[in-house]
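By letter and in written order, the chains are A, B, C and D; residue numbering begins at 1 in each of them.
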């Protein structure tokens, strides 16, 4: 990496650098993977927190690494939105790291690969969140995608490998589409800096083609209905901590990118097309929920739930009000925490009983109370019941929809919430009863149980004081949050 | 201090609940101590609060939630009525539940959720605005689920599922209603006589729709007619839960919500001017009759009581919907009265089941001689439900009737008549069988308690609540009776 | 037709070819190759569009392409490893399209 | 609250407290149960003591209760407490058993209810006492637990509940007019009320059930026959008057003239007076017969109330007369019932039996209105007021005729009692005998002690003749008829107890079955259908193959990629179509 010239490196660089260094170290000393990984996770968390305070003090942060600006250098940029994403990743990341400590003790999956890959992925994530130009975004996106695929493949089962393969193709296809878009934009406007592009972009065919390619690429990677086909097999078959990371963070990264593109790059042309995303989002809510309800296996259920929940993220594109945007971002946060907790809980149940057939869950509620609590609390957030982050998000979205008399969206959200309740409680109900074929219980590490619970509790706490995240979001006004220009 | 007290009231059940979750099964003593300690502390705190409010203090706690929106707890008169009811009945039910679940498994979980349930109920009561109400209302839904499914049977799972389908759907409607209201009014704080009457007339259609949404949302828990289906099914739960669900927590939260919406959100006058109250009154009346008719044919004792609840809870809605001060008094006071009477009945049903294994009315022949105290309490409760003076139910019915006449809605009288007749028709045969029929040679599943008819922890609560339901009726005119509180509450709403 | 445009169109052609391959071939190796072809097409487009104004080509897209190639190589490597593992685990070399269906 | 009020309240709470103690304290039962009858004594003393028990308010009770005694209710209290005391003493040998305290618990509850009805000064405490009395009396009715008793109990309970509900309606309507609960205000409010007719109809009917108003009289014969004799005595002697008292308290007599109501009640009353006798004559059971006698006698009281409704100015006088009549009838009826008990218990020794029969004859004569008995006084006083009615002459004949009819009935009673089975001796019957004797004497002379307008007129020859001829006539008529019937070998079929009610009952049962069929069988089916519909809808949404196969298809590569391309086009096309085409595309 680039040497600092004289002054110490700012935190915004450290948040990328730390996980990268950690990844290298873990790769070099796989035996110490756990220790190194955990230390890195904690260090990264601290760096993110430090960056947070820096942001609170001085507002939006821009930094050209090594003094080289775009296009050739690496421009870093952090505002409230980035910060929220970084915090979210750090929180989930630390949680998952703790979880992984317990998970790989008993799992047949390859633990040596986990730490370097995961830290690499974290590098990609953090890089993506603070990248200031669209080409760097491409690089981080690829880093993220490839490490994610590799993580899925850790499970080494037939399903996991198939899922990983499919995921890889999708990821590459998306990246290539995105890259064409980058090429077109650069050709048309001669820059890759997001802020600059935002001021330059105008309505012309090149812009539109770029928009189409890039947006759809991100939709593909965010698994918006009907492009979600790759998500359930990949997320459901991956090792539990990986599933948690994928559902909580990786899909959010592409969503974040889409958000940046939509508002900061294409704001002059994109607004009219929001309805398409909204409709697809609504369809995703219903489709994903119904399919989740139909699943007989727990991890698939949770994976389809992700498909459904991602639908909510796209409603603000159609609702077009600042309130809706706050809701959308809040949804990202709460879903990340809740879904990570839920996948971790599902992993615990799987480890506990040796299977994840929902109907055969045998008194899990009684025998794994902490896990079940985590599952339920996460479920509460997914359903959008108060008090939880999901509730705040839903409240903001509903407020936005209803204050403009946009009924359809409100109805879709309600249906989504009810279906979510249906699939969550389908699991909870069976967790109380005794199965026909009782199974032996495998011990579940307390790390796994408590980290799941901690994240779930965070998802709930997110609903108790929504001021801070929303105030943070307002810093830098990352997304313009304005009504469409006519 | 004044801001802390409502929080402390909440914490007095929340904290013990959370600690109980962490306790091992065999820590019976600690659990009992926590439960009873929490209940007693809560009662004391509530007592302090009542005294303070009586002295003119205001208790309010606020927590910012969203820009322009905060969670608010406040102890106004209506809130206190419900809080007092909940905390008294919590103490009683806790004693009962300790006795009832003596040897059953998963007590920590049970009591943990039980405390959560009470916390949510008290939260519902103390809510100072609709969003806080919504929060605790949903919390209540969630915390009762594990209690219904507690027995972990297939039937229990299905019943709990039904419960959730109903209540969560109701919650969803409620959420839409609340958000919409917020977009129109910009505030959600409960205000006597409502905060909507200042809105422009162009919103009247929207306000009507919102009213329907809110009432439907609360109506689910209050088991108003097409939304009552969950209640009889939820009877699979253990008796203390049924008692708590039916007398205090769930149905009352719904009914309380209806009162709040009509009184403190819309304002009676405004709601009436939108022509919203008459349909509500008719719906409530229909529920009253329907519930009673269905109760007639239930041989399962708890199911009969459940349908009776369906019927009785709608009295509250009816009283609220009759747009008049006297009827409002009747409705509000029935909140307390029905609670006392119905919890008595459920305790007794639980005693029969626990001591003798009796679940069906057809097994109750002569049970009065075997368990005289239990059945005496049951008798008081049943007569109260029929509306025989001087029991609590009579006072409610009396005010409802007078209020209906005062508001020029004489038809309500006939509903009350029909309901009383039906109540008599389904309660009196039980009493007859219990007291006058020859006892069976052996009971379905008898447990011996020595010289006592049953464990004292099972016996004390129903007797206590029965006496209370007698006392609140007999001494209705004394200063601290629920009736006088209800009069005070109604005066806030109706006095110029 | 200017040369850059020709290159760009060729790049588009390669992309479409790759896409076609991705659709029609079930064999995973062919799919990987198809993606590689697509990648080449994209790089071609990038380079072709680099000639924005004047005579001297803009160096930035070249830098991008180099980065892109690095990414593509690592992606291909990953894909091949996965393929090897996959066929070792399943004895097949194509994805079963219904394997994930519920 | 005045000190006298406290005493009065204590007199009410005495039996109540005793009942509670009996319920809750098994170890004390044996002793307490002996005390039970005496708990009516305080009330009796209150009635007799020359203390002013004018209305006192108990503010905390119910919605603010009032208790007190006015001139007429003092006599009712006297009657009530005396009857309960005596009946209690009579019930003691058979029912005062510590292991089965049920009878006396309910007895005491009903007693305190009945006393409460008398002293209640407002509608709510009246209603409370009335309900307590009515519900507790159920236990007395079905005490024997025979099939007859149980079915009578069912009928009784049905009527009680109906009555309670109607009364509640009437009270609510009245109270909403009056804005107050004390009787005086209520009466004037009812008089002024728009819904006066409804209130009055409800009052007349609800309390008419207790009184045995024709059409609603079915319970009386059934329950008197079913109840043990002491219970029947209190039912017939004391509790029946609760209904009457309610009428006096609630109907707006003395406020305004209500000719229609007056006529209706008078008509009903006269009809009852004769109808009761006619049906009663056919009875073979002494208690049933006495029940019909009660219906007949209450008919006369109904008539008197009707008279008062038509003539507000005469109401104070009439009220006193009605009180007299009620007291006389109550005491006589109770004495007759308990007399049945005495004849049963009389030792084999003949003179005891004769003494008992003689004792029985005295109240019977009083009932018939024989000269110098209280019956004569009551009837004569009533007849004095007959001029208020529309057809005074006709009515002037009908009243003595009713005495004649009553006489026929009591002769028939003796006829039945002659063959009444004895049930052995009674060792501890001193209190019974003493109290009965007191009751008999009271029934004969009580009325004389009640202050009246002019006493001398009552002792005039014409009055005595007026009272004598119906009695004599009836005796002659009875013997002629009886002999004639015997000679002709005609037996008159017994009209089943409850007479008209029997077919009505079956109709009601049929109606109820229909109701049950609708509500029990159809209602759940409808509900089931609705839920099935919902289930089917859900099932459709949740279709078997549709969803899964669509989901699987979106996962196939060709389709997936085509979807991607389509989406890209969706985003590009609108832009291309709208945007101005430029050269460097």
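Quick notes
Here is the rule we go by: a contact is a pair of C-beta atoms (placed from the backbone, for glycine too) under 8 Å apart; a residue touches a chain by one contact, two chains touch by 3 or more.
Predicted model, so just to flag it, every value in this text is computed and none were measured.
Hopping across touching chains, the smallest step count from chain B to chain C is 2. One inter-chain figure worth recording: chain B and chain D are separated by 35 Å, centre to centre, where each centre is the mean of the chain's CA atoms. Centroids built from CA atoms put chain C at 26 Å from chain A. Note: centroid distance chain C to chain D, computed from Cα atoms, is 98 Å. Averaging Cα coordinates per chain places chain A and chain B 43 Å apart. Within chain A, the positions touching two or more other chains are listed as 173, 229, 233, 291, 294. Contacts with at least two other chains are made by residues 22, 100, 102 of chain C.
Contacts with at least two other chains are made by residues 548, 551, 555, 561 of chain D. Taken together, the chains touch in the following pairs: A-B, A-C, A-D, B-D, C-D.
Across the complex, chain C is touched by residues 548-549, 551-552, 555-558, 561-562 of chain D.
For chain C in complex with chain A, the touching residues are 15, 22, 28, 31, 35, 38-39, 42, 45-46, 49-50, 52, 58-61, 63-64, 67-68, 71, 74-75, 78-79, 82-83, 85-86, 89-90, 95-96, 99-100, 102. For chain A in complex with chain C, the touching residues are 71-72, 135, 138-139, 142, 146, 149-150, 153, 156-159, 161-166, 168-169, 172-173, 175-176, 179-180, 182-184, 186-187, 190, 192, 229, 232-233, 291, 294-296, 300. For chain B in complex with chain D, the residues that touch the partner chain are 229, 293-294, 296-297, 372, 376, 383, 386-390, 394-395, 397-398, 401-402, 405-406, 410, 413, 416-417, 420-421, 424-425, 428, 432, 435-436, 473-478, 483.
Remark: chain A residues 363, 365-366, 369, 376, 380, 383-387, 391-392, 394-396, 398-399, 402-403, 410, 414, 417-418, 421-422, 425, 428-430, 432-434, 464-467, 470 touch chain B in the complex.
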